[in-house]
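For clarity, chains are labelled A, B, C and D in written order, and residue numbers in each chain start from 1.
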Amino acid sequence: MTKAWRIEGGFGLERLALATEDDPTPGPGEVIVRTRAVSLNYRDLLVVKGSYDPRLVLPHVPCSDVCGDVIAVGPGATRVKVGDRVIGAFAQTWVAGKATHARLRSALGGAVRGVLSTEVRLRDEGVVLAPPHLTDVEAAALPCAAVTAWHALVDHGRVAAGETVLVQGTGGVSIAALQIAKLFGARVIATSSQAHKRERLLAMGASDVIDYTSEREWGKTVRQRTGGVGVDHVVEVGGAGTMAQSLRAVTSGGSVYVIGVLAGGAENLSVLPVLMNEVRLQGVMVGPRESLEALCRALSAHPDVRPVIDRTFDFHDAPAALAHLASGAHFGKVCLAVS
Amino acid sequence: MTKAWRIEGGFGLERLALATEDDPTPGPGEVIVRTRAVSLNYRDLLVVKGSYDPRLVLPHVPCSDVCGDVIAVGPGATRVKVGDRVIGAFAQTWVAGKATHARLRSALGGAVRGVLSTEVRLRDEGVVLAPPHLTDVEAAALPCAAVTAWHALVDHGRVAAGETVLVQGTGGVSIAALQIAKLFGARVIATSSQAHKRERLLAMGASDVIDYTSEREWGKTVRQRTGGVGVDHVVEVGGAGTMAQSLRAVTSGGSVYVIGVLAGGAENLSVLPVLMNEVRLQGVMVGPRESLEALCRALSAHPDVRPVIDRTFDFHDAPAALAHLASGAHFGKVCLAVS
Amino acid sequence: MTKAWRIEGGFGLERLALATEDDPTPGPGEVIVRTRAVSLNYRDLLVVKGSYDPRLVLPHVPCSDVCGDVIAVGPGATRVKVGDRVIGAFAQTWVAGKATHARLRSALGGAVRGVLSTEVRLRDEGVVLAPPHLTDVEAAALPCAAVTAWHALVDHGRVAAGETVLVQGTGGVSIAALQIAKLFGARVIATSSQAHKRERLLAMGASDVIDYTSEREWGKTVRQRTGGVGVDHVVEVGGAGTMAQSLRAVTSGGSVYVIGVLAGGAENLSVLPVLMNEVRLQGVMVGPRESLEALCRALSAHPDVRPVIDRTFDFHDAPAALAHLASGAHFGKVCLAVS
Amino acid sequence: MTKAWRIEGGFGLERLALATEDDPTPGPGEVIVRTRAVSLNYRDLLVVKGSYDPRLVLPHVPCSDVCGDVIAVGPGATRVKVGDRVIGAFAQTWVAGKATHARLRSALGGAVRGVLSTEVRLRDEGVVLAPPHLTDVEAAALPCAAVTAWHALVDHGRVAAGETVLVQGTGGVSIAALQIAKLFGARVIATSSQAHKRERLLAMGASDVIDYTSEREWGKTVRQRTGGVGVDHVVEVGGAGTMAQSLRAVTSGGSVYVIGVLAGGAENLSVLPVLMNEVRLQGVMVGPRESLEALCRALSAHPDVRPVIDRTFDFHDAPAALAHLASGAHFGKVCLAVS
């Protein structure tokens, strides 16, 4: 029998319940994966709280990021075989190409049932082999946060050596963006309100760290640190308030990747700086399987660059793990392991 | 002696005064152009009113778009010769490549003295030969509005046959965008509040026209007209209020080119749809000389596609021409001719 | 029972035999299409002759281009339903993204069984809806030749209004390239050795036609017709000898799309002009399903631009149709219809 | 008085003579640079021998790469000032944008007088500030070889972390390509016929080195080292014979940058593999000033990655330096310093 964490009877962290279900069986073009590890994203928290999509049909299994072993393959599923250790792709039908509505809708843990269970049914075309040198938890850290950073900086941004990238805070996307930017030879400026996190960011290769609490006008500070020029890329994960600073920080012709699911929704935003400086605001909704594959290839070529795991909880402690994520105390990914 | 319209003693249309000045002489790498025609852009109106840049040093000569004859070339100016009929490039030092701050700052009529005078000093690298088949006024209509549309749809947007483009109203950028989109085989949906303008838009090849006054939720209408999919490109020239509709109208993975200098500045804008649908908001600050050259080449290959001139005033009636532009009654470009 | 033309017992047009087979049944993720029309490509001729891939396992069913009705769908096949009129995508697993070896190997009629039969088994992800306004034969004309032209000029080439495109002869790719180039507002220069074909090329919108038999140095002629500048794009379909002229005809920084399966294989080619003028030689192996979809969308928006059908043979006359193709007398596509 | 090495009275290394000339004076938009260092390229050797362009008007000053101090600025030259240490851009008028014929013709040391003299006249727009941390000789090593590698891999190739790059031999372009590929996180496979050079290539970060003399079919070896997949990028600098191996080594959809000025001109090349695998052959004629600036920026951010200087000769020993270059014994750049 499969154990699955389900949002039942209403939204809220307290409504998350561990249910026992029949083991899934693979349909045509599908595979069954026995979960080894799951990683959490802020989006999962919003799903559980009901603020991501209040119309989700309950019960609903949240989460998008899983690493595990293929234990069954359905008819026509030929890309992997039983025994392979795989990662699920965030948007199950988005192999490559344009971000169509249908492809975006195939994201795990949103409209589609997620992966917070001991066995998971995935599409054959929606899995990739886990890089052998990564632990289960590290591999599970990739599909949403790291692919988002890759899709933004590499696919959309063509980040180049010598360019400057601004990352905000120490969540999964930001830490992955720092690592990817460094892999491509870019300079990274990072923000964090906590001294010990700023230390770690420097140790990971950030050239500058800024305390956004003491420097409220940190967009201006970023601009100063770049000789008045501004940064080429901003990985914008913040809520209300950060966008205005990001638009001050970005250089003419630069890009701001809009990634954070903004808590407050609307914000009083002037797009005038966007216009006057030929800036691009690029929404990034994770990315296709092809980006996950490219990311895995890059990590395999750089075994010293590993996903940063903040803390790993036992699968049975999923609510505690989500609460830890909600606290904002993390540095990197919050994960779950099935023992 | 040269006649020049100058903003003197303060901002406002009523402060525009016709001054007599010494004829300009070309410095190294410069040319002198005797003005045949000037076209106006909404930006010029904002400059005159002081809302574009209140710190502009007065007296200031506004306007960016000029067609005229080269009457003198300075030392080292080799790209054109006396007698050539040329168009000035909007940003005088932006030949090609990135939209750097310095290049954007070289725009005529902004920080740099503009062209609303009978003789104009331009950079050798900042002029291109006027397409022979165009009238003076038609050639003068290109540098700002039409290049903006080209830079947005072609350079940033790679518009393709079969794609759909949304244009708003009947100003110079929108009409040029319609023409360029049609040149590339795209479908165009246009908005206008006036029936006779909608008729003209249809006659010019728009597949659909929408009255945004009777259909306040026109973003939804656009989506319906595209089978629920949305448009690939939005040329967003509107002030407060249009952006929200544009974000409803654009398809997943599509682009909104932010072009209009928004009257009200900030607006209560949610970027959530941007994020969720991988939409791009691309600021477009006109474009480089290379785009103007490509545009001229396209028009030369399509002599039937001519810039749409709403009305041509005499050079001495510049204030009346600007007032006409301010009225919003125009369809295409408002121009001035030096008789 | 299904009728299939098979290469049996050895290569050669005379070895093509009509066999009777059991009707195919759809596996998982597959569909069965009842053939309405097939179009032929030069590649099919090479396959039959054994010069495309002498190691092909016989019996082998050639051909890649089919239009027909879905008559059965296998488990997990959800993109189309019984009754849909569809076109097969050339490379069955190349939906979008990079031209990987595996994707290229999934091309119909090469290593994979082709479509020259009355019922065809295709992948669910390897079919698209036929544009309703096209006849069966017109729809069948698209997957290889027209997608090749689109992938070259649009995907690789970003062809733009005002640019110049050179096409060679009157085969399916060249005629489609002419049409696509015109759709995007480009100028087209075409070559043909026959006066009546040159007339038709002019009627279809070519600005210039060149008789390559009377002008052996036609690369030079092309350059003259473009004011000494050369063309931006060459759709190179020729055998030995044309490449040298193409390299003379192309402008600095321009592109030559290498499309023709060269009869003679190696040729004495200097790549020096490639280097000295920053020219690109881009191999084009048809294109992904996404290109076929974009092409269909463009044609649907331009119902006046229809695939050019040279002649339609009855399905039972496949050898005669291939012989007609081999004669080189055609203008556009040679097709077969199942009555 | 200025000392200049000139090809006089005919081509050939022995015809290179040191002449005394009047000091150059700057015209409008020009600057005079007092030479500190010059670097040599294989192209210079061909120029001197007369095989690059036999129609060059003699006497001719060869060489394109110079670092020196601005000692005079002409009227209208505003980008640098007296005292600045600058590098000359290879193609003096190619700032950014397309590789037009005119821009390519502005290359130093080709049709335009080169820099092998103690004072050099350059265009204001054709110089960039030398990165302060580089020595004169290191700075002089950049304009041709390193920009070529950057323009190929970054501008044309969008090289990404995890991709694989093949470089050939140990000339200036190949060594720079290795360094740039590593900066972007790519894997590098290199070839060399000499054991001690292979050692150095490994030390510089190549993952694999191949002795092309013992492995004549080294294209096959490269493919084996990449799991049968092939490399994403080939920096092709070789003469006759290497292209065939490069086409074996490159992956489907990959790119071969054609850089080497082939000694023998034409070669018996089959473009069939180009076609069948959607490979791109991209001619690379160095690159625009914008690429040189991006390269300088990248090097400034990575002070540990320095141009590799094989040997520095005194300016008076230019013929010996060229002879050393001709010997093929070098590893990296052969330079001259003015003492």
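What we mean here is this: a residue touches a chain if its C-beta (ideal position, glycine included) is under 8 Å from a C-beta of that chain, and two chains touch if they have at least 3 such contacts.
Note that this is a predicted model, so its numbers are computed, not measured.
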item: Least step count from chain A to chain D, where 1 means the two chains touch; value: 1
item: Both-way neighbours, i.e. chains that touch chain D and touch chain C; value: A, B
item: More contacts between chains, A-B or B-D; value: A-B
item: Rounded Å distance, chain A centre to chain B centre (Cα mean); value: 40
item: Touching two or more other chains - residue numbers and ranges from chain C; value: 98
item: Touching residues (chain side chain A, partner chain D) in the complex; value: 154, 158, 160-163, 180, 183-187, 294-295, 297-302
item: Partner chain C, residues of chain D touching it in the complex; value: 98-101, 103-104, 229, 243, 251-253, 258-262, 265-285
item: Of chain A, residues touching chain C in the complex; value: 27-30, 74-77, 95-98, 288, 290
